[in-house]
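These are the structures, in structure tokens.
In the two assemblies presented below, chain A is common to both, partnered first by chain B and then by chain C.
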Partner chain A sequence: MKLPKEAIVERAFQLSTIVSGSITFLIFSFMFYMALPLIREGKIFQILTSTWSPLDDVYGILPMIITTFAISFLSVLIAFPISIGCSSFINEIGPKQLNRYLKKIVQVMTGIPTVIYGFVGIFLLVPIVREFSGKGSGMSVITAALMLSVLISPTMILFFNDSFERVPASYLNAAEGLGASRVQKLIYVIFPNAKKGIIIGLILAFGRALGDTLIALMIAGNSTQIPGSLFDSARTLTAHIALVIAADYESLEFKSIFASGMVLYLFTAGIVIVVRHFAFGEKNTR
Partner chain B sequence: MVKTILSIKEELMKKVWILFVFISLCLVFWGLSISFAQSLDTFKGEKGSVKISGGTAHIPVMKEAARIIMTANPDIQITIAGGGSGVGIKQVGEGLVDIGNTGRKPTDDEIKRYNLKLFLWAIDGVALIVNPKNKVRSLSKNQVIDIFSGRIDNWKALGGEDRKINLYTRDEASGTREVFWEKALAKGAIAEKANVVVSNGAMKSAISQDPYAIGYVSVGHIDKTVEVITFEGVTPAIDTVKSGQYSIARGLFSNTKGEPTPLTKKFLDFLYTAEGQKIIAKNGFIPVK
Partner chain C sequence: MNKTTENIIAGFSWLSTILLLGAIISITGYLCIKGYSVLDFRLIFGDTKVFDALLLRKQVFNGLFPAIAGTLVLVITSVVWAIPVGIATGIYLAEYANTAVKGIFNLLFDILAGIPSIVIGLFGFALAVFLHKHVSQAIKPCLLISSIALAFLVLPYIIRTTQVALEGLPEDIRLSALALGATKLQNIAFVLLPKSLSGIMSGVILAIGRCAEDTAVIMLTGVVATAGIPRSLLSAYEALPFHIYFVSSQYTTPEELQTGYGASIILLAICVVLFSIAFFIKRRLTYMAFYRT
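Right, the complex of A and B next:
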């Protein structure tokens, strides 16, 4: 027997689920609709495969696609070992007293707005990279990747922490009883059992790196070339959208942002689906 | 006993001083209010808000005018946002703001599409700037074209250090970029490797941070943190822009959709009063009557 009140609440939750779920699809269909003229005229292929040269009336986003992938992969590559190390320290290796504070600091870090990271990047990181590399302006792929890795590590660390904590204490006690050291416990007990959490943390962090606009806009330099080295200035898809959104509605350069949006959307969705499938598939076979 | 008398005396002196400072401050404000009284009279009894966005070159003048008007009449709210000329036209055209600023004349198509009414209130130069650490101070038009197209890519070729030139340009929607591209680069190519920044302010801070940089800003944004380049033998300054000797110049426009609302009209009119013109000139622009 369900109370009428309960039924109302259930309906309300159902409705909000449907709304938030359908918004995802609505956004995609909106972008698809806006990009339709490009697809119909066959320009979409040109946009996806050529570079940005307004003088020739060619508004390709290939350099931005390459830069987006380069910067987000790099930042995850940098942030992953740091985050794993940090979580291991907080959960297993470090002294308990200190760990409490470390955890608080990480929590605070997740809440810092990205514009502040960008700002710090301009005044601290950019001059360092410029002098270190000895060429370029210091606004480059590596600068943005480094700053982004600082942005995404707290998210990763918190996720890893949670999954480490969920490893049953009995497993750890058993390992300890067999004479395992702390590091051995981490490698043979915690990591394998927390694998799913680690993978989900990675997806989320990657998504954040991929979707972040301000850091790349502020310190990656925004040039429209295909970056040839880590120290080259480059523009991400998100920064490209932010830079071109003010252009004339009717212009082809404005329409290129719908292609950018679709690429971002499809790529993020693709990564999530593939990695989730991989993670859940693992669970089902067990 | 003596001590207390002394301390009382000291306290009295302190009070006298505070009173003196207070009175002199009052006098200063009174004087200010008199000097602005005439131009600000029209705002008496007005209420409401004016929303402004668009060209970033306009911001220093808009801010100062807004501050003075809002101090005189706290019932008026004036908000100022940047975004670039393209944003200005788009937002005023869609009725999101009351005034859309542009650092170029809106195209005929834009004027027709949005029924824009143009207010030209200043002439502005666009100056090439470098970091103060850079020794290069003078460039010809051909050199500038070669630098921005990437044909000259080392400061050594121009008498500077043996370092690569870091190019800075503005985004697609910038009026400053459009004028610079038309008048300094003769519509030539801008190298793909050029860094892109989103406002005059961001350009200035980028150049002031980077010793090997070259970029361009509205003359109104120049300060001690950057060094101005003499272009074709002419230094960008108020008198050279005014006389037409310095060629990279443009009008600063404020645009409204159709006829402006009464308060918006009063704000725009303020820019043409003696006080408004003083503010415009103080910021390095040439006021237009």
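Right, the complex of A and C next:
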């Protein structure tokens, strides 16, 4: 039999669990509630598939969706080889004494605020891109993608590193016993055994790039066209939300940001579900 | 595999490491070179005397003091919401919940952890609009709304670190107090929680770092460029990360831009120290660190 005090405390714990769990739904319902007029009037589809031209009273977010994916995809494309190279360095290739410090540096890098990447980007990276492309302001898709790749690399490296370290030592010893070099161990033993971790790390990094606001807001240029080249100015969904906020509450423009919010929510939730499926298979618990 | 291919692979590995280090050294080095000359009391307190500012006797107009104070108050209020709820939830999931319940809530908190901070900011904004319409005209985006939204943002970190720390305790620690006749709650309060304190603390420190650096949530929920020291929970406020963003987009004089560099160095130092401590306490934090969006 339970003591009353025990039961009360358990109820309190349970209540806070239910409250925290419902936040996930609460956030979505608020987005949905605010975007509801769009859905009721059947305008949601138009908003998702048309361009942003306020003069024609069309407030579509398609350019932002495309830009979000373009920038995230590019940044993962840049960051992935570097992260694989770097985690290989930390795990096998590099000198052991150096690697401890390197890992510390990478860990600390995960704590650098994104607003600082954006700030340095404006004054350091933007002029370089401007020089290189020879046109425009230098605020472009590639500028943001480059900075984002610096943001997501450390976390990708740590994640890869974790999955490299989980490869059983006996496998590595066996390969070593057969005369495998460091690179051969990496290619034939570590990579194949850490494949799952590498894929999960990639997807998570993509999600992280997708959700970042400040870098794109500060150095992607924020024009509302669909970007035609790497050096075009463009606006992501996240930056779009940050920029439109001052509008009139009843306008279509204002409601469109909640459509943006819903799109972002659903994509990141989808990524989480895919990753969990990959990581745990049929099991539900960690 | 021939020797050349091997050398190319090893060379690539060296190259990517050098590239990454190069990128991070240029970013931090650039900040320090540009900003170190402004790092003094004038940067923080402007023309006001240090003690007058600290005792709130005089307002600071051209320094970072209001932004630093705003960030401090914001972090404290957010963490005050998030810690009790987060730890209680972590305890429930680790010690009371059955497998099915655990599975559902783990999924919910993973989704919550993955939601971009700007979306949580947008939620906070919608909440303020909703409360303004239906509860009280006095509520508009303010410190209170920001701290609630930020608490939502960091809640999953605290829950997860608490849960993982508790679940990682070995069976003999778990059972010995129970064998001596302790109740479940006594076991949790006097044995399991103290044993997993370091894990829980690392989560709390990560959460503090996250609150201090986040810009996206607060820019939709009440932060402004000039507000002075926050007077109440229902007032607008300044914050360091927003100051950096604002200066970068709206600066008019070189001096104003310089305060941006100064603020960046201060914020960078705060976050690097907090993250180092968190990683020092608990080495396996990769999973947590990943979800910061």
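Note that the second predicted complex is superposed on the first by the 250 of 286 C-alpha atoms of A that agree within 3 Å, B and C clash if a C-alpha of one lies under 4 Å from a C-alpha of the other, contacts with A are read in each partner's own complex, and residues count from 1 in each chain.
The definition used in the following text is that a contact is a pair of C-beta atoms (placed from the backbone, for glycine too) under 8 Å apart; a residue touches a chain by one contact, two chains touch by 3 or more.
Everything numeric in this text was worked out from a predicted model, so none of it was measured.
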| item | value |
| --- | --- |
| Side-by-side fit of chain B and chain C on chain A, or clash | clash |
| Partner chain in contact with A:G94 - chain B first, chain C second, else both or neither | second |
| Which superposed partner A:I122 touches (first chain B, second chain C, both, neither) | both |
| Touching partner for A:N173 - first (chain B), second (chain C), both, neither | neither |
| Partner chain(s) touched by A:S223 [first = chain B, second = chain C, both, neither] | first |
| A:L243 touches, of chain B and chain C: first, second, both or neither? | first |
| Comparing the two partners chain B and chain C, which touches a greater set of residues in chain A | C |
| Touched partner set for A:T49, first chain B, second chain C, both or neither | neither |
| Chain B versus chain C as contact partner of A:G136, first or second or both or neither | first |
| Partner chain in contact with A:D232 - chain B first, chain C second, else both or neither | first |
| Chain C region in steric overlap with chain B, selected from 39-47, 165-173 or 219-227 | 219-227 |
| Chain C-contacting residues of chain A that also contact chain B | 122-123, 217, 242, 249 |
| Residue ranges of chain A in contact with chain B within the complex | 51-55, 63, 122-123, 126-127, 130, 135-139, 217, 221-225, 232-233, 235, 242-244, 246-249, 253 |
| Of all residues in chain A, those that touch chain C in their complex | 3, 5-6, 9-10, 12-14, 16-17, 19-21, 23-24, 26-27, 30-31, 33-34, 81-86, 88-90, 93-94, 102, 104-120, 122-124, 150, 153, 155, 157-159, 161-162, 181-184, 186-187, 204, 207-208, 210-214, 217-218, 238, 241-242, 245, 249, 257-258, 261, 264-265, 268-269, 271-273, 276, 284-286 |
| List of chain B residues in touch with chain A within their complex | 83-84, 86-87, 90, 110, 163-164, 166, 168, 171-173, 189, 192-198, 205-206, 209-210, 212-213 |
| Chain A contact footprint on chain C (complex, rising order) | 1, 6, 9-10, 12-17, 19-21, 23-24, 26-27, 30-31, 34, 84-86, 88-89, 91-93, 96-97, 99-100, 102-123, 125-127, 129-130, 152, 155, 159, 183-185, 209, 213-216, 219-220, 241, 244-245, 248-249, 260, 264, 267-268, 271-272, 274-276, 279, 284, 286, 289-293 |
